[in-house]
């Protein structure tokens, strides 16, 4: 099991490597009858496309998606959706140096140790291009969630020391700023910071945040399949993520219970039903005991700086000899702006799957479903 | 799927709730021929037992484990190990108040929303007692890892503002300090801090850290089943954990690539083979591209303060009416010291499973295995 | 993975061996709110109990079930049900001979080859007692199916050359005949046949059949998770089953299409809706393309004679030397009458799981579920 | 979960429908370092290609496979293999009649009931073309098994009343006879029988058999993941299969134990080790207690006649009205000859996966693997 499948009911299997013929994903378990076309998916893929600003690689990646199966007369049939993106812009060049040397911060050495050899062209399966399949599948998940009244959106929270000012938060702004920040002033400052780092042949880390709105209370499971546990896995599985926080995250470890507990309140004192319960704060980030509480889900991911930097670094070659390495090529000085849509997609996939799994949690709804 | 099963090959299924008759775990996929007796498991269970110091609940939980199946003449048979702990000390008392009211910070409300009702006695399945099964199974995993030369150990890194001084780190110390800190001075300070919080009817959060030593390079998978992704899920699935960090974790988001990359070096310039590669630093925490790099694995978890505090809190009752709640009973002022062994066990389960899954990753070792 | 878990959503994990302390099952994914008590389960376990007639072993197996978790105030909570049966009648005797010798037709040799050694007492995990867990879990599945309007029942179709006359079929009769045949005359004849075989120190094979009534059309999946494929696995996983047929089974291979196709007809010529479609025959056994067609599901299983016979047989010992074996002890001369309830339970588990998995197959029902 | 994934470690996910753009499969968990090219796979696909004799449809299906990922410099990399076959010969024609009418013996009605509508062109996902992905993946499994010394081959055992004479069995003959029979005389007789049936506008059923040679003893698991249980599922999941037999199959139900048990014997009286144990007969078909016994595995499948016949049949239309149907188009009069390679492939996938899962069954081999 090489671990390229994700999800229990809405189950995706991604394939493809940086410099292969194509990349893609098979989605199994997509409910039948969803209106879907290539443009619905392309919109998400375009958000991870490079070459659109000074702070991304000038590589061209068209990433035009093709639906190969699972849609008939404009609707999903319930059978596997196969989505493919042909690789078109991979420049054929000399990889002999990188073939022999392990790049620091990359998976070169660990891949070799696991499999005995590796496809060294552009990182192979460990390349960021692997996320093409995740985003294509996530686009479908987002479309379903929309119809269920659930919205998922991610954005860049900080880049190096530059943090977005959340008092100026505007959700749509993240779609037009090169940094995917939801605040134009922070975006300006971050671009300056990135250009300076780039000039210094260096790269920069950052933090991204994802919000889920409209998710009903009661989604997730109480033990190993906690909603936050699955989100942690989903987000940590994105290359370069080194920490995941839910709600107030790391802050809770230095807090008192009286500060950290969120009180419950009736939303409306006159007419009361279960869905009318709200919280006085959201330190929990919308999840209690692994199950959604009806409040906004808040997830943060800390992303390391792009390991491909243009400074000389110490490493070893395949024969275990000490060598210096000088990386060439076209590399983003930061991963975050293009990873934001990946985080959005992995979150959507996780939340949707939890909603599908949840459908059989009660006898009364099971009976209602089958004894109409 | 209520999500009580964990693992692909070494697969555990836990069961039981706080005030039920018993709690336990079934381990399926344990290799045959492992010497195992109840004492091997009891040692781990004893580390999560309360009532041993001023900073844990005075509740008595004997937690004596019984091996019901899967061991014959002192060795595992390869068939399911069923491990059970009878609940003996659950005091029968009046739960009518808590039955009607949702405790802030607990899973009461979310459980009710999911299942329509809940076993309100002591948190039911969402109680910390659920981890009895995890620890019993983890003890078996640890024993196997030991025979493979892999060591896993966790300890308390900080409690509220009190941090262990890692220059005074002593691994065995964590087994005798009430806080599970690896540094006696920090332990003393933390106990004072906790007693003060307890007096204020409040509770405290903390941070725990887990180390894996001796894990060969090459363990883990490159996409969704990344070793760090699975560790993140495993650790985030422990109740009250709100953030998981690998290696330098959150720090990476404000770093430059030149600071964050770990260089590779030959361990010994004379005789070189693959296993002789080391890193000049370990910001990565022993994992690159989801696969172990042969260095120490470092994981940190941030744990929220015990939600059961003795101050008056605002909440709603089952009918959605605003009410005040005053929690009674015996509760730990902090979760961390007893959760440390749970982190150790979840880490061991994850690492062992990854090692078993990894056995078929190469044709050459597959052929060697079957064509002896 | 030792393969002791079955099911995707309604997922059971069985444990225990013939002469261990206990046997049991954990059911994860049981919907919350099902009224359940021990008597509901005991009724099914009693049907696999031996010692009730001349044609079963005189061994006493009380098999009293205990619910250890997952039920609160008489209803399932949605969390794992742990069901346990203590072993009480295992006679301590001298196993030294069977410990050293591989019994023909049993799993002794193959177990040893896989695991390196085995629990030789009474077959260990390969004993028919392993089905205690299956039956306990199946009893719960049957109870849920009942509430959904689905009925599952199995019976003995034939014993050696004696076949039940289906024109005399009476469903309740199977519960009182020692052979589990649904026809008293055939039961009488079969008992005579069995007594004669027993006298000859020999054993007998038989065929059992299971019917599912009331299952709506549309359950099952079109490719690997076909309903008939999963039923085949479920039934073939019962020890001693060597063939599984769906509908007309083996007969189809010598038929023409014109004989074998089932025509469709409107059930009622006046008011027509989809559920009013019936078939003119049921050669298909209620499944087309892996999906239920609304007709009765028909499954047959061919069961080999009990391998423990009292005639001298040729075999080898652990050292690979040729030896003769004379089996002693208390053994059923036929497996079928006690396996019928196991077939019923495995069928129920499979059908219920397929119904739960099916809940998310359409967008319209998904939206209806969440946007009430 | 639409059930398009098969296998635990060597895990395949198929996609595509009869008249879509393409069909394919993703193989995840293929060991790294296997030499592989498109010709290795094409050879198997060519065996399921129609249009090569009077007894298959004259439809042309080129079915040229393309490896899209997972192979680098002629060897598998350990990451997903994506294999695709473009649909090229689907004739665009008028489907309006079949769109409105449920064909007897097909999945039309059940698909509609499950998903609310269907891709009616050529059966959509329920078409025999779905097996393209299975065969492409099975070709890879066969190649690995070969390197492990395991051979899998299937052939036609009977067609209607014409049975192959196994005393004339020749394994290679099955590759050149139009019927895939291993006996040229039976092939001649079967072709005559099929031509006569075709003239009568009718179709014919048949039986296919698969043999596994060289599989070591000890493969498979003792409870739900029995090797025979998984084979039963694998084979029953092939469209039109209605019965699966292992070894002597259905015959066992009318046998005595003394006839049915296979004795064990030392293979060589001088030098004895475990692998030197043989059986005096093979009624069991190479599997005891769900685990391979080192003997030949024997599996048989009974396949129904092609449901598309050219005689007038009774059915209903989408509105539930009684109508007559006259099927047109190009259809095989029998499914078996082209399904034989599918059976071979599903068997290979199952056996290989069981071998990979088995690698961690013993502590001693686990320790040997990691402590080299």
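For reference, chains read A, B, C and D in written order, and residue numbers begin at 1 within each chain.
Please note the rule applied: a residue touches a chain if its C-beta (ideal position, glycine included) is under 8 Å from a C-beta of that chain, and two chains touch if they have at least 3 such contacts.
Quick caveat: nothing in here was measured; it's all calculated off a predicted structure.
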Which contact partners do subunit C and subunit D have in common?
A, B
If you tally C-beta contacts across A-B and across A-C, the winner is A-B
Select the chain at the greatest separation from subunit D, using centres from the mean of Cα atoms.
B
Could you please state the distance in Å, as a whole number, between where the Cα atoms of subunit A are centred and where those of subunit C are centred?
44
Distance between the CA centroids of subunit A and subunit D (whole Å) is 38
With chain centres taken as the means of their Cα atoms, state the distance from subunit A to subunit B in Å.
25
Enumerate the residues of subunit B that touch no fewer than two other chains.
1-5, 8-9, 14, 29, 32-33, 78-79, 114-116, 125, 216, 222-223, 357, 361-362, 364
Mind listing the subunit A positions that touch subunit B in their complex?
1-6, 8, 14, 102, 104-107, 109-116, 125-126, 130, 158, 160-161, 197, 202-207, 216-226, 228-237, 239, 242-266, 269, 272-274, 276-277, 280, 283-285, 287-294, 302-309, 311, 313-316, 319-322, 357-358, 361-362, 364
Can you tell me which positions in subunit C touch subunit B when the two form their complex?
1-5, 8-9, 11, 13-17, 20-24, 26, 28-30, 32-33, 66-70, 72, 75, 77-82, 84, 114-119, 124-125
The answer for subunit C against subunit A in the complex is residues 8-10, 29, 31-34, 76, 78-79, 144, 147-149, 216, 222-223, 355-357, 359-367, 369-371
